[in-house]
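You will see subunit A twice below: alongside subunit B first, and alongside subunit C after that.
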Partner chain A sequence: MNPPPKRISMEGLDLLCARRSAGAPMPAYVGPLRRHVAEGDRRLLRLEYDASPAALRLWSFLLTEEERLHAAHAAGAKIVGAMKDLGTVPVMAYALPNVVAFYPDGAWWTPCVMELSDGLFCIAQSLGFGESFCPVRAMLGAFVNRAHFPIPDILICSAGAVCDDFSAIAQRVESLGHPILWWEMPHRRRPEPDEPAVELPGGFSAPASQAAFVRSELERVRAALEGLAGAPLGDAELAAGIAEANRVRRLLADLRRLAYTAEACPMPALEMLIAEMLAIHFCSDRAESIRVLADLLEEVRRRVKEKVGIVAKDAARVFWVNPVADLRVMNLLEDSGGRLAGTEFLFSHALDPIPEDLPPMEALARMALADPMAGPSADRAARIVRDARAFGAEAVLVSRIPGASHCALEGAVIARVVREELAIPVVEIEVPPVADPMMPTLRSQLEALVETVQERRKR
Partner chain B sequence: MTGTRVTTVVYSSPFVPAEWIAAHGARPKRFRPDAAAAARSAAPVAGMCPYARALAGEAMALRDGQVAVFATTCDQMRRAAEWAALETPAPVFLFNVPATHGTPAAARLYRDELHRLGHFLVRLGAGDPARKKLADVMESYDARRRELRDALGILTPREASEAIAAFDRDGSPPTQAAHGSLPHGVPVAVVGGPLMRGDARVFDRIEEAGGAVVLDGTESGARTIPAPFDRRRLRDDPVLELVDAYFGGIPDVFRRPDEALVAWLGRELASSGARAVVLWRYVWCDLWAAWVARLKELARLPVLDLDVSGDEGADRRTANRIQAFLEVLR
Partner chain C sequence: MICAGVDAGSRTLKIALWDRASGRTIAAGVRDQGTDHDGLARELFEELLRAEGLPRERVARIVATGYGRGAVSFADSTVTEITCHAVGVRHHVPDAATIVEIGGQDSKLLRLNRDGTVRDFAMNDRCAAGTGRFLEVVASRLGAGLGSLGALARLADAPAPISSMCVVFAETEIIGLLASGSRREDIVAGVQAAIASRVAAMLGREAAPPVIFTGGVALVPGMAEALASALATPVRVCPNPQMTGAVGAALIACRQASGGAAGLGRSPAVGGPRP
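Then we have the complex of A and B:
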């Protein structure tokens, strides 16, 4: 029998793990989280987790990614370091045999998970990347100390309409002797009235010429991947890869729809954040990510059917914008009387289904162009409005990323559009990688938002 | 704009060719924004580049017949363009300058953007130039730019910076002989982002502190003056020549990879004899902030990281920091 839905400590999750170990077989990577604490992941002690075997599997899958990457490397697999595009290059890479792709960008959570004991920020600082840069500067440290992910066999980074922090940090990585294949992501613009246009996943449109340009850039990526793998990456292989990626996306779509619309919130915000992240590069194992998400979806379906949730049914329904550098802040939402009712973690293009009725490279180009970072903030705001409306959100929270070049103006545009279109409260917070000293302030901000929502319900 | 024909195109990016605008019959005005205009933008202060804010503020003061062109050369600038477009009735054009280079696709994208800018101007009442007209305009600019280049060597650093600014504003080369004396002191290179209106006084500050500016490598300096045109190719395919001179030739910090800037700095710092570098950058500018450490490594010279806020009192702070930096070097 499944435990009742609630959040539990790491010790509680490890107890659940011990009980499961004695019962049904589990994937080899599933284990107690304390083993990761022993390796330095101290933040795990401060988080609260969904009390379910599905969540245990999710966390174990996430936290064993570096082991998986090293094992794949040792076994002779080619490792692709995709950078910045968040979702496109891995779809291509996983269509090839014996190729594993991941985002070194993901190191941005390492200082949080290791509560700064990793030293990555110190290394970045020594190379000229201090606190004025986004926490993704941790990636630079990881390339230098080689204590986290294996150095990829190839680095492929999008440039152009990207954030300046990342572009500058990636350039620094290259200056340290890690060659990068740069490909251009143009600033997505709205088509002129008389200009041929294409529809993008997610509902926006772009000039057909921009899609053709991105397609030509992705052809360069395709050639590089073929060279790396020593195998052709034909349209048939790409189509199969897209179909598999879409399996992940469909699972996530179902999961999000249920989790964000159910009357009783069936899954905590923290697990939803982690689950959504799987879409980007499948946590380095596409097949297993599908099973992990299927498990989580089954758990959510059961809870929705039983009408049970992890917070009170009257919790304020909050739409969350941008990923947080400190995972603990996701717990804080529920601690403050809120729950997730939609998200936009900067990679909605990695969640929308990739068109399967188009030539694969065209489909991938359109997906890449749909990146919310590549287009105007007003487009991103419009998407947030649409999704917030669909999920029944009662407030929008914009979580600024410290130092990020896009956040200052983007947050202002999003707040303005949301207020105009939805007339719901918007709050902006800023979350550093270890937010403990700011927790009282953040909590006050979240509680004030929840109170505002509750007051509005009385009107 | 209320149906008035476009007369003036204001912009600040060196990647927007003045010749292209002039050939369409509008006045190109590359300008240095006034720091005080930032307040008019009403854009957030925290996290936003003061230069981008100032530019957005300037765009909000455009009059009928004036249009603004921003370039996508940094994240802050493309977002500032969006902000300005939301706040002003004046037409705003965002020119997509590719970050990558050395590929046919990147050059083609830049060329396509030139044509898109042309169509934008034509829709606003500008003329659509024939090839000969464009070539003639380019030849004229090339000749005047040659005069400008020749004059730079005999002007003081501040005069040279102001001569470039004047040329950018109206296309006129310096008309007067140099009247200032060339500085003597610790040879200093100034490299970094663009200057705002009046910022050329930083050259005076350096000289007052005992330095001599031997290289202006800011975005507003000689680094971003396009290369001379090839006369024959200019007649054969003037647009291609524009692409080569601007997109193919100007080294800048946003380009990926940034090898052209590395090469330019290596060459120019060595030939200038600079003994120290002042890095001029705006707060929240990640692209130039990332260069502080790299400059130290590449140039192996002392580097002053001059983070400029553009607010009241900034000049005094700048002067103090330059003074302290040069005291150590003297």
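Then we have the complex of A and C:
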């Protein structure tokens, strides 16, 4: 008999870790989370975690990424920093031998996890990037203090139809002596009626000329990666890399479908957020990310089969838009009587399978063009409506990221389209990297959203 | 059946005792909020019972709402102020479609369905610029009472432009306006217009009429007019606006006591005390 699923404190998870250590073998990186607190990740003490070995493995995998990157660097692997691009360049990089890609923008969570104690924002401020910029400005601090990720052998960043503030921050990184290979992402537009068009993953379409342009830009990236690795990156290697990336995406698709549609919510919102993030760059180890997700999926399958969940079955089904800067807010959803019923964390294109029936570079170009941030907000809203409907969401929560330029106006567009199409409540909240002073207000908003859903059920 | 609603707001504590049989509030009280939310609430509750000659056992159920709702240990359940204001306002104004609530610490906009339930809502959760706290700061800076701000605003010739988006900077801006000879009356009118425009910005173009104004700030003369101007639509002040949250909580308590609000409300012990 398995114990009922529940959320536990970090101490509880570490106890689980100790018990597991005495039993079945675990990967070497799995260990008590308290070691990361000792290194300064104080926020871990205030989160609640899913009480399962699969979740322990997920968290250990996430929190050891920097160690993994430093070890790879020391062993002679080439390190690729894929900036702004959420899910394209890493697929190419991992198709090469002895190359590891990561996402320097991921430093945006460091101020939350370290509760501002690492001073990354202070460094960014000293370089001209204060709190009016997206929290991703923490990346600037990480490049300066070199206390987090190793400085990559190559930095590759998309430009054009990307966040304005991110572009400014990336240019500042370059000005600090870190050359960047820029590749351009055009603003995706809908094809004119008589214009040749291509279908994109996710159900969108774009002019064929735009796909051709992106493909030509990615060819420059391919050449740069070949130069870095000293090895050819042919179509065969790319096709194999795409197939592996699709294994990750299929696992995530199964996980999302099960977790978001099950009657009893089988996995907490926080773990689902972390799991989905693996799609972007595989947490710097593609093969292991597949095993981590497979473990999590197995746990979810078991819970769904046993019809057990981590919250009451009548919890309000909330579709969540955008990742949060403070991870505690994901816990707050369940504390307030809600559960996840779908997500759109700004990288839905990285969750869709990359077409395997097209030439690899064409497939990657189409996938990149499907980026929700590269197209009109109305397209993103349409996808949210489609997914919210499919997952049976009863409300949509749009979580703004302070300073993020794409968040400034998108919320209103998404809210209007969701109200028109689904007629369900839409509420916007704003979550700063350390949201402690706002927790009472955030709790009120989440509880009120749950109450609104409960009242709607009676109508 | 008598039920109680306790609205533990950030600036004031309000309690209403509702008699279901007569369909009216039989007692109500307001106190300035302090550090001991629970103690103050208990004290006011017992005072109201004594004044009405009611034994505690006559109160069938108590619902707490507001910022400090989790700290009211004698409440049977908690419900957010958003739901409570909707119920309280609709009791007074059955056709209310949009509610603007401005309290001491935040402001809220509620869009209602035809049956009075909340369709969705927005909340100013970032700063004090759209809240009663702004008026308090201004009143203090101008050496005027909160109650006299409306009278002052009516004497304005031209509202002074207040462009700062932050109360702290707005206070500095006001000092500058005073130093440059601006009239107090014009400054007050400018501040009321600034608060109203911030609240209106949350609503966008979706202020379905009738728009009902409630919360403590609705008691400040001139604010409803400023809000109507910013929204470009008539705004009605809810009767007894400071009490709508408490009355709504009491009405929900009655529904819960009679089994009509199943699922709505949380145990304070579950939510834990809120700061």
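To be clear about the criterion, the second predicted complex is superposed on the first by the 456 of 459 C-alpha atoms of A that agree within 3 Å, B and C clash if a C-alpha of one lies under 4 Å from a C-alpha of the other, contacts with A are read in each partner's own complex, and residues count from 1 in each chain.
Assume a contact is a pair of C-beta atoms (placed from the backbone, for glycine too) under 8 Å apart; a residue touches a chain by one contact, two chains touch by 3 or more.
Keep in mind the model is a prediction, meaning the values are calculated, not measured.
Partners subunit B and subunit C, brought together by superposition on subunit A, fit side by side with no clash. Counting the residues of subunit A touched by each of subunit B and subunit C gives the higher count for B. Applying the stated contact rule after C-alpha superposition, one finds that A:A412 touches each of subunit B and subunit C. By the touch criterion defined above, A:P425 lies against subunit C but remains apart from subunit B after alignment on the C-alpha atoms of chain A.
Within the superposed three-chain model, A:A168 lies in touch with subunit B and out of touch with subunit C [touch as defined at top]. Look at A:E447: by the touch rule set out above, it reaches subunit C but stays clear of subunit B. With both structures placed on the common chain, the touch criterion links A:W183 to subunit B but leaves subunit C unconnected. In the superposition on chain A, contact is made by A:R459 with subunit C only, not with subunit B. When both complexes are overlaid on chain A, the residue A:A378 reaches subunit B alone and has no touch with subunit C.
Between subunit B and subunit C in the chain A overlay, the least Cα distance found is 6 Å. Applying the stated touch rule to the two superposed structures, the overlap between the subunit B and subunit C interfaces on subunit A comprises residues 412. Contacts from subunit C toward subunit A in the complex involve residues 67, 79-83, 106, 113, 115, 117-123, 125-126, 204, 263-264, 266, 271, 274-275.
Contact residues on subunit B toward subunit A in their complex (touch as defined above): 43-44, 46-48, 72, 74-76, 78-80, 82-83, 86, 94, 96, 98-100, 103, 105-106, 108-109, 112, 119, 254, 256-258, 283-287, 289-294. Chain contact summary for the complex, subunit A toward subunit C: residues 314, 335, 337, 412, 415, 419, 425-430, 438, 440-445, 447-448, 451-452, 454-457, 459. By the touch rule above, subunit A contacts subunit B in their complex via residues 127-129, 132-133, 157, 159-165, 167-172, 174-175, 180, 182-184, 186-187, 189, 192, 209, 213, 216-217, 220, 376-378, 400, 403-413.
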